[in-house]
C-alpha cells in the first residue's frame, strides 16, 4: 500500500502537486491599512467564545489591502510569478483571550488558490475577490512615497464592489497602526461529514510572523466606503469614526503557530 | 460571549457570510467523461493506505468535465448566477476499501471559491483552473446531441494548458462509464498548526449522491492529450489505452456522507 | 517586400494569428431580453445625426443578455471552446434613418477579446464585463423552459455591478420583443492619430443576420435594476415603465453589412 | 438631432462612458526586456510594404514585459486602480521606412480593455493575455535591484502559455536595449464592412513618447522559451542567438502621432 506526500492536497507519490508547499512561507509586500472605529457590538458578535472583546478600544477595525509576492523556502514561485503574486484585502479586529490581546481576521478576500490554501492552514476565512491598490512608483503619474501622495484601494467579490478607499499620506510614522499588531487568534474549523451542525475540526490557534522586516511606515488619512452585498457582512462594520491610514513595505516569514485550544472530537 | 453561525467560514452572528450554505446542495449539469487505462502503478501510488487498488481494471481513469449550476435548498444562487455557475475538470480512479470498490477523485480543478469550499467538506482536492467544454445547442453551429456530434473540452491552471479532449458521439448508451460509478472514498486532511509533518484532521470519508436524475447517456470516442506542468501530475496518468467517452445531463443532490475512519488526533 | 494576411490584427505571413477569422461568423446562443421604456430624451441624446428618434415608442430599450458559442466557417473554435464561448450584455434602442427604423446598440459588454474585435468591425461599442445568466436545464434545480421558470441575469464591469434582472417566464410568445428586431445602424469610428478631435474613420453602417433560426420564444416579466458607476451611463436609461421579458434560443450567421454613409476624410 | 462625445466608444451626450479618455496618456511602469536574434526572414515577412527590413541586425527582436499604471491628464484612474493598472507583453522588431529606422510592435497581449482601446488608436495589435513579471522589492524574498537578482516573466493567452523568461541582472547599463528604441511605425487598419478583402481604414502612422523619464537601466542575461499555439505565431520568431536582457523603471507620456501614409479609400 502506498504513502502519499505533500503539505496540502492533492497528495501524491512525489508531493509535487500540493497546492502549497510546506512552511516556512516568505512574503514581500506592500500594505495599505485603514483603521476606524465601528460599534463595538458589531465586533463582539464576531468573537466566538472563549474570545472576548479587547479591553481597550473594542470597536477598532483595520481594513488592510496587501499586494504580495510569496514563496516557499526555495523561492521557485518567484520565477513563475503567476504562482507567487497575489493580492488580498482583509478586515482585522482585536480580541482578548485569557487576558491577552490578539488580532483576529474576520473577513478576507484573495485572488489566488494557493492563498486560500494557506489561509485554511492559518485560520484566515478566505474567499476569492478582486483586489486592487495603487502602487508607488518613482516615475510618471503614479504617486511617490511623499506627503500628499494619494493611493486608491478597492475590493470586489461576486461582481460587486464591497469597499473602496482613497488614502492620502501625510508623514512618516512610528507605527503602521495598532489593530493588526498582535499575534493572530484564529479558528480552524471544518464541519463533520456525517453529523449536521457539528464540527470535525474545531481549533483555536495562535500564529504570527516568524521574522519581519519593514521600511518606514507612512501615516495619513483615508476616505473609506463599504458597500452591502447579499452574501457579505463587511458593511455591517460601519464606519463610526476614522482613526488613520498607513502605508508600509514589509518582508515576512510565517512558519507555523500553536494550538490554543481544541474542541475537535468534542 | 458570542456564538457565530454559518456552515463554513467566515462565521458571523447571522451566518449569512458563509462561503457556502449548509447541505443539501443541488446541482444541474452537463458531464463530458473520457475513460482510459493508464499504468496501474500510477493509480496505486495515489491510493494511501488503507485504500488498495481496485481488483478489476486497476489502471482505469475517468477524466470528467462538468458544467454546473448549483445551489442550496432555497435556490437563491440560481437567480444570481455568478454564485451558482461553475465548471470543473476532475480525474477519478477506483480503489478498494475493506473489500468494497470505491471511486476516488485524485485531481480536480474548479473556477469558483464556493466550489473549493464544498470540496474541502467532501474531500475533493480542488485547485483553481480554467475549464471549458462545448455545449450542445439546438440551433446554429454548436453540436446537436446526435451521432457524429463533436465536443471539445480543455483544462488549464496557472496559465498552462493541462488537458484537452475532442469527443465524438456515436450512439445512446446504457451507461455513462464505470470509473466514476461508485461511492467516493476521499480523505479530508488538514496539517497541524504546530507539529510539522503531522495532521490535525485525518479522515477517510464516503459520500455519494443523495438523489440523482439524468437524461440518456451518449457514448463515443475521444482524442485526449495531457500536458506536463511544474506543479501538476495529471500527465503522469499517461494514456495507455482508450476506453470510451460519454456525454450526459444530470441532476444531483449531495447531502453529507459518513466517516469510514479517522486518524485525527492519532 | 512582404504582404501580410489576416482579417484582423495581428496580420502575418499566414494570417493565422488574426484575432478573429473572416466572416461569415456563426453563432449558437441563448438570449434573455428585458424591454422597458425610459425617458425618450435619454435615448435621443445617444443618436448622433443623421440618426433620429424612432417615430413610435422612442423611449423603448432592450437590455439583452446572451450566452454564445461562435465560430468561423470551419468551426474550429467549437472544439477549443475557450475560443468560441463568450457572454455579453447589451442595450439596444431604436432610431430612424432616412425614414427607416433601425435598431442600435448603445452599450455592450463582452468577456472575450475576439468578441471585442468582431464588435469593432460591426460597430458595437464593446467593453469587457462579467456577464452571467441562468441557463435552463432538464434536470436538477436549474429552471425548465416552462411557465413560472425564473432566470437571473447580471452584468458587472470594472468590479462594479451595473445591472441585474430576474425574469419569470409566463408562456410561449409569438415574438422575442421588438426593440432589437430591426437591422442595426451602427457607427464605426476611430480618432485621427494626429488631429485631436477629428476622426480617421467615420462610417454609419447597416448590418443584420445573414441567416437566422430559432426555437420558440417565451414571454414573461422582469424585475430589472440598473446601478451607477463612474465610467458608465447605462443607469441613465432609467426604467420608467416595464414592457416585457423574453427568452429564446437562436442560431445566427453574420456576414457583413453595407455602408450607409461615410464622413471619413471629411 | 444630437451630438455625441467621447474619445472612444461608446459615445454619449457627456462623453463619460468612453472606454478611454483623450490623450495625453500618462504611464508609470516597470519594463523587463529580452532581446535576441531570429531568422531575419521571419521578421521580414511581418513587415508589409512599404516597410522594409532594418539595414543593420534585421533579425533582432525584443520581447518586453511591462507592468503599468496609467491614466489620462486628471489622474482619476490612479485612485480606482482597476482602471489604471494593467500588464502587457509585446514583441518588437525594427524596420526601415524611407530610409529611417523604426521600431514596430508585431504582437502584443494586454489584460485590460482600456489598453486594447488605446492600442487600436496607436496601431498596437493587441489581444488579451495573462501576463506576469516578478517585481523587485526591498524586503522579503522578492529580488532587490542588484547583481544576481532574478526575475521571472510569463505570457499566456487562451489558456496556453506562450512565453516564459528568467532574467538575471548583472550590472547597471547605459541602455535598455536597442530594438524598442526608435519611433514606432504601426498600421491602423479596419476591414470594410461591405467589400470582403478590402480595408475601410489603412494608415501607416508614427508615434513615440511625448515625454520620458527613467531610472537606471540594468543589464543581464535571459533564459527565454517560446511555445506554439494554434492561433499564435510568436514562436515562429525562434530564438537563434541571445542578445541581452534589461530591467528599467520608466515614466512615459503619449500624446498622439503623425500619419506617414494613408491608403484609406484607396
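Which chain is which? They are A, B, C and D, in the order written, and residues in each are numbered from 1.
Basically, contacts are C-beta pairs under 8 Å (C-beta built on N, C-alpha and C of every residue); 3 or more make two chains touch, one makes a residue touch a chain.
Given the structure is predicted, the values throughout are model-derived calculations rather than measurements.
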From the options A-C, A-B or B-C, the pair that copies A-D, where over half of the contact pairs coincide: B-C
Self-contact between copies chain B and chain C, residue sets same or different by half: same
Contact-richer chain pair (by C-beta pairs counted) among B-D and C-D: C-D
Most widely separated chain from chain D, with each centre as the mean of CA atoms: B
Averaged-CA centre spacing for the pair chain D and chain C, given as whole angstrom: 30
Rounded Å distance between chain B and chain C, as computed from the means of their C-alpha atoms: 35
Averaged-CA centre spacing for the pair chain D and chain B, given as whole angstrom: 40
Junction residues of chain C - those touching two or more other chains: 80, 82, 130, 132, 154, 156, 159
Touch-based graph of the chains, sorted into line, ring, star, complete or other: complete
Residues of chain C that touch chain D when the two form their complex: 1-4, 7-14, 16-17, 19, 22-23, 44-52, 76, 80, 82-83, 106-108, 112-113, 116, 120-123, 125-128, 158-159, 187-194, 196, 200-201, 203, 205, 207, 230-233, 256-259, 264-265
Residue numbers on chain D that touch chain A, as the complex places them: 26-29, 69-71, 75, 78-82, 84-85, 130, 132-135, 137-143, 150-154, 156, 164, 166, 213-215, 249-252
Residues on chain D engaged by chain B in the complex (per definition of touch): 130, 132, 154, 156, 159-161
